[in-house]
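For reference, the structures are reproduced in the following blocks.
Heads up, the next two complexes both have chain A, just with different partners, chain B and then chain C.
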Partner chain A sequence: MNNVLGDKRAIFVLLGPALLVYSLVMLVPMLWSLGYTFFTGSVITGFEWTGFDNFTELVQDPAVRDALVFTLKYAVVITVGQVAAGYSLSLLYVFFLRKASGLIRTLVFFPVVLPTVAVALLFQKFFEYAPQTGPVNSLLEAVGLHGVDWFGTPATAFWVLALMDIWRSMGFYAVLLYAGLVDIPDELLESARLDGAAGWRLVRSIVLPLSLPVLISSIIFSINGTLKVFDSIYALTGGGPGSGTTPLTLLMYRTSFFYGDYGYGSTIAFALTILCLAVTVFIFRANKRDLTQG
Partner chain B sequence: MNTIVKHRRTLLAGVAGMSALTLMLAACSGSSSDGSSEGSGDGASNLNFLAINENETIPTTLTTLSENECKAQNEAQPLKISTQAQSTLDQQLQLLAGQGALPQVFISANAPTLNAQLAEQGSLQDVGEALDTLGISDDILPAATSVIENLYDGQQLVLPTELNIEGIWYNKQLLADNGIEVPTTWDELVDAFATLKAAGVQPVSQAGKGGDGWGVTRWVGNYIARDLGPDALKAVRDGEAKLTDPEYVAAADAIADLGANGYFGDSPTSIDYSTALNTFLTGGSGFIYMGSWAVSAFNDPEQNKIGEDNIGFMQFPEVTGGAGSADQMPANVGTALAISAKGFADDTATQDWVRCIADNYGTVALRDSGQVTGFAVTGDVEVSPLSQLVQDQIAAVDTSILWFEAYFSAEATTTSQNDGGLLASGQLSGEDFMTQVQSNLD
Partner chain C sequence: MTSTDTVVVPATTARPRRGPSNGLLRKRVRQIPIYLVVTVLLIVMVYPLVWILLGSFKTQDEFLNNPTWALPESFGNVANYTEAWSSISLYLRNSVLAVFPSLALVIVLGTAAGYALEVMVFRGRSGVLMLFLAGIMIPGQMILLPLFTVYFKLHLTNSLWPLIITYTATGLPLTVFMMATYFRAIPREVFEASTLDGASAIRSFWSIGFPMMRNSIFTIALVQFFFLWNDLLIALTFTTQDDLRTVQVGLLNFTGQFGTVDYGPTFAAICINMLLVLGLYVFLNQRVMRGLSAGAVKG
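This part shows the complex of A and B:
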């Protein structure tokens, strides 16, 4: 094995095809897209060199500012929601349900495998206000409250969106974090219990520090996914009402493919890439310290 | 010896790896299912037609033609229909045009600006020139030609498979029950809305969900035309006026007021086109603004529960003291057909198809679907009273006007139609609405 891995030609043969495919499908389009940021136009109208005009427009564009604010708000709320829900569920699996958690894990995981469009239609019907009254509004009216036009204002539409996305993804994070929790040695937990740690104290002092690496991974995974959210918003609200629930991805999609401005669309995509990178680096740097070392 | 074997093995592994990669890339690449080039000229084996899911009349009529009047053309070049969601049609057309792969015939882009760009780039056949070449210019009604040329700066870029007038349709029974005369002015119309609302009847059914907000923005555009005259939106296009000018904002405010009073129903932002139409056709509202394309739904007893005879039509009313007149009729060619320049140029089979469509489409669409088109009709075709009403109105059109977004960019159109629902629910003021749209036009 050492002979093979010491041979540069063998390394090239083994890695070359994968590297070539990766370059073709990932690096080239990324560089191509970066190149577009210096142009305006489309394949129909032709491309025109504009230098840094797209970046200037990006900074001044109120639509980008609104989409950025929405994206960050969405990313924070959904990340907190789905990681917290997932972590709570994983604690439930490990410390309460134990070996009987299989069925619950499957049921909670089930929404993850459902198609986004199907889930969005389900939630549209649940929260329907007009012309029919959905189950949620029927329930509100049954207890003497007024029905709410959930998709009528950006604020209420956002919370339906948040609920839907947390519901459909918390099972995934529960399983991910469960894998981290079962790695904690039983002896360590037992000795902590003998020392008098129980309940929240046990979680805070032992479980949380030991599961922190997988928790950090989950947060990075979640925040990157939520910054790039597209399908669930497109299916549930279409970015509306108005542009009230339009994230950067949807703005980028519309700018490139509906408005036919590939250059500015690529600039929005580039800004999103930088944002994802910055958030990831920030989280990594903020958690360099190994909490298990005291 | 060992070195040679090692080299051969390395070489073999390299060749195997590259072969696998080639196979993977080949598997990933697309291929035409029937081996024919999509929409190319030079004697394509099929007449490829890109339709949209939302319109069944055009594919049905073309299929009927292929089986009857255009049977010979279909034998020479069989009709092959593929479909696309209307919301992603423009994107698909851009993609296909960029690859030089537009089908010979396709539903024209939603945004007129895209059709103009495709023509400028050389992808779209100038239909006027094509009809002249084939010697069949008389197959298109002058009224349709006028609307198309109005839209495309004198060019005739599409075939008018629809010729629509737009206006306000009303439920005769509901108006009679509430003692309302058919309004002739804007003030009378607003009074009628107030009467219906007070009686517990939803005055207007109009969609405002997502892009379906165009139903609401039609009200804005028509109010502008009645108040400021038929060329008011052309002035915005030419930079002589802005939507944020007070007289334009007044129009949007008038519609926002209707929304604030709840005249568009409980939640226009939740209502799509089908639901809005269904509300009117089941007696849930007194009025609906709609184009004559809806007559096929009005004529369908499955959809129309209030009865064909119970539906009346009124022109968008005049605004007191306004420069426009109610006779200036909003008109359009609705869902139109476009022809690719490449597919038409050197392919006589496609040209024969275009000739046959132009000769027969109007008659077949009117006979089988009650659809009024911009094609000339040959012979007598029995039509429903509402279709007849539309034909009479079209015949009487002296000046036609275009819709609110007709001259807008795709971006301004999207903003306008997405914000239409908020205007109809009273959440957006007229000024905010106009400011947002104008910012996309600047």
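This part shows the complex of A and C:
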């Protein structure tokens, strides 16, 4: 029997194709990309060996520093926003709406499946200042305030971006966390209630600790996604005004395809990869320590 | 709202009882803020979508002269839609031609690999699983340039092949990992029994493993579908010609193409995309929610 389940030929047939495609299209290019970091140039202009120049440039480049700061700021703000909004929603579903939450859950989830570019265009129009006034600015003017050129300064553009990404994704995190909350045994909640815990106290002492594992995986998921953010920023602000909302991913894209420097682009991509790995490992380990203590 | 009450009341029976009508009244009053929150939530989620839908029926004249929250003067104005459709239809075709073949490949290859890594016995399988797992964290930017070089040298950049190949590969890590997790939940005895009955490992996979995974495959296919359908980075990089653009890239160029002045068709194009997804979503909603809650996350 174990002969059959250990059959080399069968393993080769089942695993081979996936492993081959994955290796050829992801693993080999990754190593290849590392090789690019020692060159400058592109496919069209040809390559030139530059040794470690790209890395020294990476460390000194103010554009990289700005993009790194923006990436981290974006990741922290959006992760906190997404997970907090999602958690509040999931608490609302479980403890207040209960079985009636189906419709609300569906509505709040809907933007998750919409094409990012469509959502970005929607928000562009919604917050528009000129030539047409969008609903947000109309509302501001209606209550006697001045309209704001939302995409005119990096700070306001950032908040529209944050708002859009949280609006778009909180339904997803709500459903993820809802799954975790539903798993909490009813008896546990009931006995806590009988002991007099209610409202905020119930959430803090019983619900929060018990849903911590799902919460942590949501945070890892969110950070991993927000560090790699590309499409929502590209579609909403294009990284502007100036380079005010440019994350590392977009800087890499511009460096490679607008300025035709594959070597430096790969170096930025490499820095991003290291950042993603480091953050994931960090959270994973911090979480492990907490769990053993608790 | 009446339906909520009937559901909420039985759940409170376990609490210490107060005077019957008095307690109920107090409960109602306490719940007012929550109903307010829900109302605000509904407005925030629904209004932008309704606003876009209304906008898609407005003429250029209405955009320029009427307030932005006014209703369109007529809902019979479908000129915006015909204009938007004339370019969107090509992008849609490209998206379908790129996404569905990739999706089929991801599912078949990924499920087979997940089966091999979880059910079959061989040395180094945890190493291979880790290798796939690492792929989940690799940013797309890391593989973009070498792939572009290869596709460029193979003269593939003027077809949809780069998209199909890249989508298949980038979809694999998550699919393999989740499939391996799902196969773990099936008792080994099932496969041991089928091999005792004389089935080869491959036959056990096709006749027993694959059909048993039907629900999980459906869930993963959906998740991957939305990933691939909404991809911008890969499509933007590898579609160098206008007639190869996918929906996302096409939509991005929509405002540029019509200029910032031509609102109606832009709104209509966004609506066409939203309605398509809405149709699919309403049709599949229950399964998405169930699938998400059922363990896709807990793996």
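Note that the second predicted complex is superposed on the first by the 273 of 294 C-alpha atoms of A that agree within 3 Å, B and C clash if a C-alpha of one lies under 4 Å from a C-alpha of the other, contacts with A are read in each partner's own complex, and residues count from 1 in each chain.
In the analysis below, a residue touches a chain if its C-beta (ideal position, glycine included) is under 8 Å from a C-beta of that chain, and two chains touch if they have at least 3 such contacts.
Source: prediction; values computed, not measured.
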With the two complexes superposed on chain A, say which partner A:178 touches: chain B (first), chain C (second), both, or neither. second
Look at A:241 in the shared chain and tell me whether it touches chain B only, chain C only, both, or neither; answer first, second, both or neither. first
So, does A:152 touch the first partner chain B, the second partner chain C, both, or neither? first
On chain A, which partner's contacts cover more residues, chain B's or chain C's? C
Kindly classify A:129 by the partners it touches after superposition: chain B alone (first), chain C alone (second), both, or neither? first
Who does A:17 touch here: chain B (first), chain C (second), both, or neither? both
Once the structures are superposed on A, label A:45 by its partner contacts, choosing first (chain B), second (chain C), both or neither. first
Identify the partner contact of A:190: answer first if only chain B is touched, second if only chain C is, both if each is, neither if none is. second
Partner chain(s) touched by A:114 [first = chain B, second = chain C, both, neither]: second
Which holds for A:257: it touches chain B only (first), chain C only (second), both, or neither? both
The shared contact residues of chain A with chain B and chain C are 10, 13, 17, 21, 43, 131, 257
Touching chain B in the complex, chain A uses residues 9-10, 13, 16-17, 20-21, 42-46, 62, 128-131, 149, 151-153, 238-243, 254-255, 257-260
Which residues of chain A touch chain C in the complex? 1-2, 4-8, 10-11, 13-15, 17-19, 21-22, 24-30, 32-33, 36, 43, 89, 92, 96-100, 104-118, 121-126, 131-135, 138, 167, 175-176, 178-180, 182, 190, 193, 214, 217, 224, 227-228, 230-231, 234-235, 249, 252-253, 256-257, 262, 265-266, 268-270, 272-273, 276-277, 280
For a test of understanding, state which residues of chain C touch chain A in their complex under the given definition. 3-4, 7-8, 11, 14-15, 31, 34, 37-38, 41-42, 44-46, 48-49, 51-52, 55, 63-64, 67-69, 105, 109-110, 112-113, 115-117, 119-122, 128, 131-132, 135, 137-150, 152-153, 165-166, 168-170, 172-173, 176, 191-192, 195-196, 199-202, 204-205, 226, 229-233, 236-237, 247-248, 251-252, 254-255, 260-261, 263, 266-267, 270, 273-274, 277-278, 280-281, 285, 288-289, 292-294, 297-298
Per the contact definition, I'd like the list of chain B residues that touch chain A in the complex. 10, 13-14, 17-18, 20-21, 24, 90-91, 94, 97-98, 114, 117-118, 121, 123, 209-211, 265-267, 269-271, 275, 278-279, 284, 409-411, 414-415, 418-419, 421-422, 425, 427-428, 439
